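Right after this note come the structures.
One chain, chain A, links the two complexes that follow: it is found with chain B in the first and with chain C in the second.
Right after this comes the complex of A and B.
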């Protein structure tokens, strides 16, 4: 199993995670994905990349480095994103019942192992 | 006249519309030149009647002059324009304590602590007030103690900030990316509010789009972690975004609670502006 797929495997095993994908942060393209049926990986990749870029500009504007983790919470679920090295971003879509703390830890650990 | 005051006076004379009056008024106040400080503050207020910092400065000068009712009104005015202005909350807390109303004083200090939990002057004042309250002291003793703390109702000195307080603040932004209220300081104590506000309008739009298209419903919050600090975004109303920023030592969930409480207050404030 490739490192990318191993990272996705770990994240999707967390309860409540509907799917995860590895995207390119600059152009929002899917590098690898592991999603439940009916979830459009390309849409997630494009939207998440745009949001991360915007938030990156806001944090840099505040005098800080780019984000290491982002959690967008909606009233029906969340998107989690962990930017890593080489422009890769690990993204997960989770339901309201997800264990967010565990998902965060797994994502940070998994993205740290990707080079 | 100190070099700093001379420089600020020259800058203000050269450009009367500059915000140098804030620094000059505070420098004069700290030197005890209260009449001169008062004139500078009044001049600034006549140009910037909606500037919370100017009302706050006015309040500090009036307080030093012994006009406590005037100081109270000035700080209330400061909070009207910036409900998250902790120095005004501290000033009002001090006045309540002097008046013997410990409960109201504690309430205002607690609000200040919720907004800025990393400010040691607030936490120290809270401890002192609670201790004095428990020991059954009258208003005079703790009030004297608070008054002697020159930083209680003042802007921070230029001393090197503590590591974890370098990035902090709260900012309320409208849909066009303009600052409605609040302040945000960068790692070098510089004001980064307007720059971040401009970016936040785009963030809010992007969050709405992402949340809607991915079937996550209406976006509620965004938590952002960075090595130097954490940000928490929340929308008090559909057209505004409130950002709360703290150092990385504050747990993110606690930051979320602070942000949610501030969002409730911001909502009330926004309704009162309509």
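Right after this comes the complex of A and C.
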């Protein structure tokens, strides 16, 4: 199993996670994905990459460091994102019932192992 | 923004607002301009339309030789600005979109909202019989009329 798929598998095993993707931060394109049916990975990749890029600019502009973890909370669930090396971003789509703490730990550890 | 047909404007405006693209040119497969935004001179539009339709024709022929179906899009990535060319079917025939965008957006976003625009165009297109192919003797007159409409002069 490739490191990318191993990272996605770790994240999707967390209860409540509906899918995970590895995306290119600059291009907003999907590198690898493991998603439930009905989730548009291409849209998530494009929009999450843009969000991360803008958040990075905002935090740097505010004199802070680039975020290491982003949690975007919605009415029906959340989108979690962990930027890694080589312009890669690990993204997870989670439901309201998800174990967010475990998902965060797994994502940060998994993205740290990607080179 | 200028368009030869008014029903093209709304999908185009939505695309530009959502994708943050800098320029867009919609044309038929033969290079006849349908709508444009961001181009300052008619010469630029004519050149871009001719080159864009030629590139799409070349890549489609390349795909045919390789035994593949048509390529979805051609993207030229640059450090200051990039360009995407994509052909798509409409009730008015096959059209081509040429989009120029900068680092403030991404190829993923541009492709995502471009596909949405195509869907909107297909739904908005009037179901009228397609115009007959342009004849060589009418080409220059039609081209000048289109450019006059697109640039308002």
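Here is the rule we go by: the second predicted complex is superposed on the first by the 115 of 115 C-alpha atoms of A that agree within 3 Å, B and C clash if a C-alpha of one lies under 4 Å from a C-alpha of the other, contacts with A are read in each partner's own complex, and residues count from 1 in each chain.
Basically, a contact is a pair of C-beta atoms (placed from the backbone, for glycine too) under 8 Å apart; a residue touches a chain by one contact, two chains touch by 3 or more.
A quick note: this is a predicted structure, and the numbers were derived from the prediction, not measured.
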### Query
Clash or fit: what happens to chain B and chain C when chain A is overlaid?
fit
### Which superposed partner A:64 touches (first chain B, second chain C, both, neither)
first
### Query
Just chain B (first), just chain C (second), both, or neither: which does A:55 touch?
first
### Task
Using the superposed model, determine the angle chain B, chain A, chain C defined by their C-alpha centres, to the nearest 10 degrees.
100
### Task
Decide which partner touches more residues of chain A, taking chain B and chain C as the two options.
B
### Query
Of the partners chain B and chain C, which touch A:79 in the superposed model: first, second, both, neither?
first
### Message
Which partner chains sit in contact with A:29 here, chain B, chain C, both or neither? Use first/second/both/neither.
### Response
second
### Message
Contact-wise, after the overlay, does A:43 reach chain B, chain C, both or neither (first, second, both, neither)?
### Response
both
### Message
With the superposition applied, I'd like the minimum CA-CA separation between chain B and chain C in Å.
### Response
9
### Query
Is there a shared patch on chain A that both chain B and chain C touch, and which residues make it up?
43, 47, 50
### Message
Applying the document's contact rule, which stretches of chain A touch chain B when the two form their complex?
### Response
43-44, 47-48, 50-51, 54-55, 57-59, 61-79, 93
### chain A contact footprint on chain C (complex, rising order)
105-109, 111-112
#### Entry: Contact set on chain A toward chain C in their complex
23-24, 26-29, 42-43, 45-47, 49-50, 53
### Query
Considering the complex alone, what residue numbers of chain B touch chain A?
167, 184, 186-188, 190, 192, 195-196, 198-200, 202-203, 206-207, 209-211, 213-229, 231, 243, 245
